[in-house]
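Chain naming follows the written order as A, B, C and D, and within any one chain the residues start at number 1.
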Amino acid sequence: MDSWRTAIVEATEGSIRVRGYDVTALMGRATFTDTIFLLHRGQLPTVHERALLDAILVGVADHGAGAPSCATARLAASGNRQSLSAAVAAGVLAIGDEHGGAGSACMELIAAVVDRARTESVSIQESARRVAADARAAGRRIPGLGHRTHAVDPRTAVLFGMAREHGMAGDGVASMEALDAALRESGKALPINIDGALAAVLFDLGFPPAFGKLVFIIGRVAGLSAEVAEEHAREKPMRIKIPVTYDGEPARGLD
Amino acid sequence: MDSWRTAIVEATEGSIRVRGYDVTALMGRATFTDTIFLLHRGQLPTVHERALLDAILVGVADHGAGAPSCATARLAASGNRQSLSAAVAAGVLAIGDEHGGAGSACMELIAAVVDRARTESVSIQESARRVAADARAAGRRIPGLGHRTHAVDPRTAVLFGMAREHGMAGDGVASMEALDAALRESGKALPINIDGALAAVLFDLGFPPAFGKLVFIIGRVAGLSAEVAEEHAREKPMRIKIPVTYDGEPARGLD
Amino acid sequence: MDSWRTAIVEATEGSIRVRGYDVTALMGRATFTDTIFLLHRGQLPTVHERALLDAILVGVADHGAGAPSCATARLAASGNRQSLSAAVAAGVLAIGDEHGGAGSACMELIAAVVDRARTESVSIQESARRVAADARAAGRRIPGLGHRTHAVDPRTAVLFGMAREHGMAGDGVASMEALDAALRESGKALPINIDGALAAVLFDLGFPPAFGKLVFIIGRVAGLSAEVAEEHAREKPMRIKIPVTYDGEPARGLD
Amino acid sequence: MDSWRTAIVEATEGSIRVRGYDVTALMGRATFTDTIFLLHRGQLPTVHERALLDAILVGVADHGAGAPSCATARLAASGNRQSLSAAVAAGVLAIGDEHGGAGSACMELIAAVVDRARTESVSIQESARRVAADARAAGRRIPGLGHRTHAVDPRTAVLFGMAREHGMAGDGVASMEALDAALRESGKALPINIDGALAAVLFDLGFPPAFGKLVFIIGRVAGLSAEVAEEHAREKPMRIKIPVTYDGEPARGLD
């Protein structure tokens, strides 16, 4: 079998190096958030980058037992108590474009807005208007806008405020706000949700689109682990009953 | 359907509270590690608690592409590129008592050592000797000792050193070191590995045994996400070929 | 890397052999159930063995959208539409000792009953009485008895009837019925559920205990795949709302 | 919480109906393959439909320990022995468009060929030529052609032969063969693999495209369960070592 190449970790007898740094040196001097940044970017973050990544991870860590990922983890924990990792993994599997993962599509859209502004020599605002109009014409939803629980997602303003305070708000935040404004002009106001907000900030921090989904997974696993621990500690197995209505074929016999 | 009760997160229109704290307040002022502590313990950590939890999460975040969890995630990523969460979840599923999860069993053993010291009115050292002798007599391995890659796990000394510097080393660290000494006395020296080291420190921080496995999952998902991102970015799908030797029934025909 | 040895499948250029049989020969002449038997036992089943394995797989294939495994798959499908395998896998993860997997523990208990009858030179009935008394004394539940939906599981009588018709009912069925009778004598009547019934029959067919859980997984994946397909075809993403009651720390501020 | 509607299974006290049929009636009279057909189609198959579905499930059940799904399941089983379902689920997660799941895309392509033949009033052969030319012009690969192990997939001829014998070969098989011929004309010969073959037959049986991936998952879980059982029975935990070459940042210190 061919050896697998990697630029992330070098583990040899008595030594583990993460992106070149000895893990024992990191252990006393880098935070977990620093290490997440390092793993994905190859370098340690500045204080500004760390503050924003921390805020994003904290913002997505948990949204209550009824969030699809948390509810999935609890259901799995209810039937299978032999493996904590099985329940956490089940929760992770509920994360997709529809739940928690819109950040990736949103980062791609932001890239399209920034790109179009440059190639068509217009402002971010005008580019966002054109991109939004195209999406509307094609019947595509703009990812990162709207939330099933919150009319206004309280995390968005905090994240954008922090991005500005730390001097890190750039084309990403501008594009997302411009898309939001373009939709409001067209009478289709939907507030920027956490996926849209973190996409804008991660774009400005230089992350690739895939990280828009991965950051949600990393943050949410903190919450999933707590949801599963609580399910085991407080609840009996098999306690969950989902009401079901059958509307299929009536009873019939085999001839 | 009955409502699900929870003491972790309260999510209502326009508000998300984690253990009573508004998530928007946490976003600017708590680190991700603080939030992990908060989710599992119901209160924010002291600077000492945070430093040790950070060190543990950094220490377990990644151990190279060939670690079972990382290799599992990469294999899944190689066949299924539609879902980043599927690949990360696959990696989580490789975490169990045999890989990354020995911390839980180790915390239970530490609790047994501490308990026996009290009930039999002996020192931690003597209790550990008795517990180790019982394990030896019953043919049970002591979890948290030995590592397939490292003769001496470099992370252990760092973690125990930090626990002492922060004034947080208590019965947990003492018990683990006593178990290690008891084995060495009996000529079966196996160094304390990261599972044993984090178990000792988490015991002294007051975490329940289940967290010994959950902390590994939380930390390792940071690494898994980077391994999967690198697999997608650098490698072609289906690139991995495992050499297989067949030693079963010879070719035979259906009559 | 060392080659992986296996006695299951030999795949070479232009040829795939399952337990020695060419897969192309099996394709026209063996059923899927035959192949499941072959994969796990190394030989093709008799008509009697096939009939019973078919009945078990049919019996566990689906128990409605609200069964923990099915509900978990649907929840995952609701948040992540990029990967059918992610949703099916989430459903599989809900299968454990508490849901669908009791067959394994039950097969071990049956083995203990049969073993004790032999070593203590008593009847299966007396052995079952002793095993049940020990379990009661130790406060252990007997796996395979009782069901949260069915006062009497309709599948048990059918499976035991088929085992008798096919001349395959042996010590396994006798032990399970004896355990049931022993509990009834002690006033703790709980009917034999599908896990107990399939455990008894699989024991008589010569399967190892692990298959008691694996057969449920194989059968249920048929149902999970249909549940996920229906969720995608009939429902909108993120439609599922779980009612949650928060009973944790009251709202509090960071100082 | 709203009740979940479903047309698949009605489970009430003492009764389970699958698509209207009492499961106890099915248990003695329907095979597992019948039930898979019933779950997905709402009716029991004819002998011809059953024979072809059996052949497909048998054909994909296992492709050796080194197939991505099987290897993923074994790796997970190597680190986590607490949960058989965790290891099987990990294997399922490796199934995607790149491994085992191309049948779905292939069924969509076949539908496009059939549709274009009708709308452009040309033969299936001419339509396939146009669809293949468009794919080539757009740089898209045709799914269902080529295999990393087999120059000629031995399962394809068997499946197409059976479809003809059973009188079930229609536009699906014709389209797939026409796509294959079109590629051969253009000098890009790649034989039809099992994904392409099952896609053609499932199209002719009236299944929707999603089933092209689901049938692979259902069949492969039979193999995954045997691979996991063998891994537990024959191998030690943590036995698998993947050779890794590090080519990232050189060792560096924190300043």
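In the analysis below, contacts are C-beta pairs under 8 Å (C-beta built on N, C-alpha and C of every residue); 3 or more make two chains touch, one makes a residue touch a chain.
Since the model is a prediction, treat every value here as computed from it, not as a measurement.
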Report same or different for the chain B and chain C interface, where same means the shared residue numbers exceed half of all residue numbers found there. same
Rotation angle (°) superposing Cα atoms of chain C on chain D, nearest 5: 180
When the C-alpha atoms of chain A and chain B are each averaged to a single point, how far apart are the two points in Å? 23
At what distance in angstrom does the C-alpha mean of chain D lie from that of chain A? 30
Name the residues of chain D that each touch 2 or more other chains. 1-2, 4-11, 22, 26, 30, 64-66, 71, 80, 82-83, 85-86, 89-90, 93-96, 101, 240-244, 246
Residues of chain B touching chain D in the complex: 1, 64-66, 68-69, 71-72, 75-76, 78-83, 86-87, 89-90, 93-101, 148, 237-238, 240-244, 246
Of all residues in chain A, which touch chain D in the complex? 1-11, 17, 19-22, 25-26, 29-30, 42, 44, 80, 82-83, 85-86, 89, 93, 242-254
Counting only contacts in the complex, chain A reaches chain B at residues 1-2, 4-16, 18, 22-24, 26-28, 30-36, 39-40, 51, 53-55, 57-59, 61-67, 71, 74, 83-86, 88-90, 92-96, 101, 149-152, 154-155, 157-159, 162, 208, 210-211, 213-214, 217-219, 221-223, 225-230, 232-234, 240-243
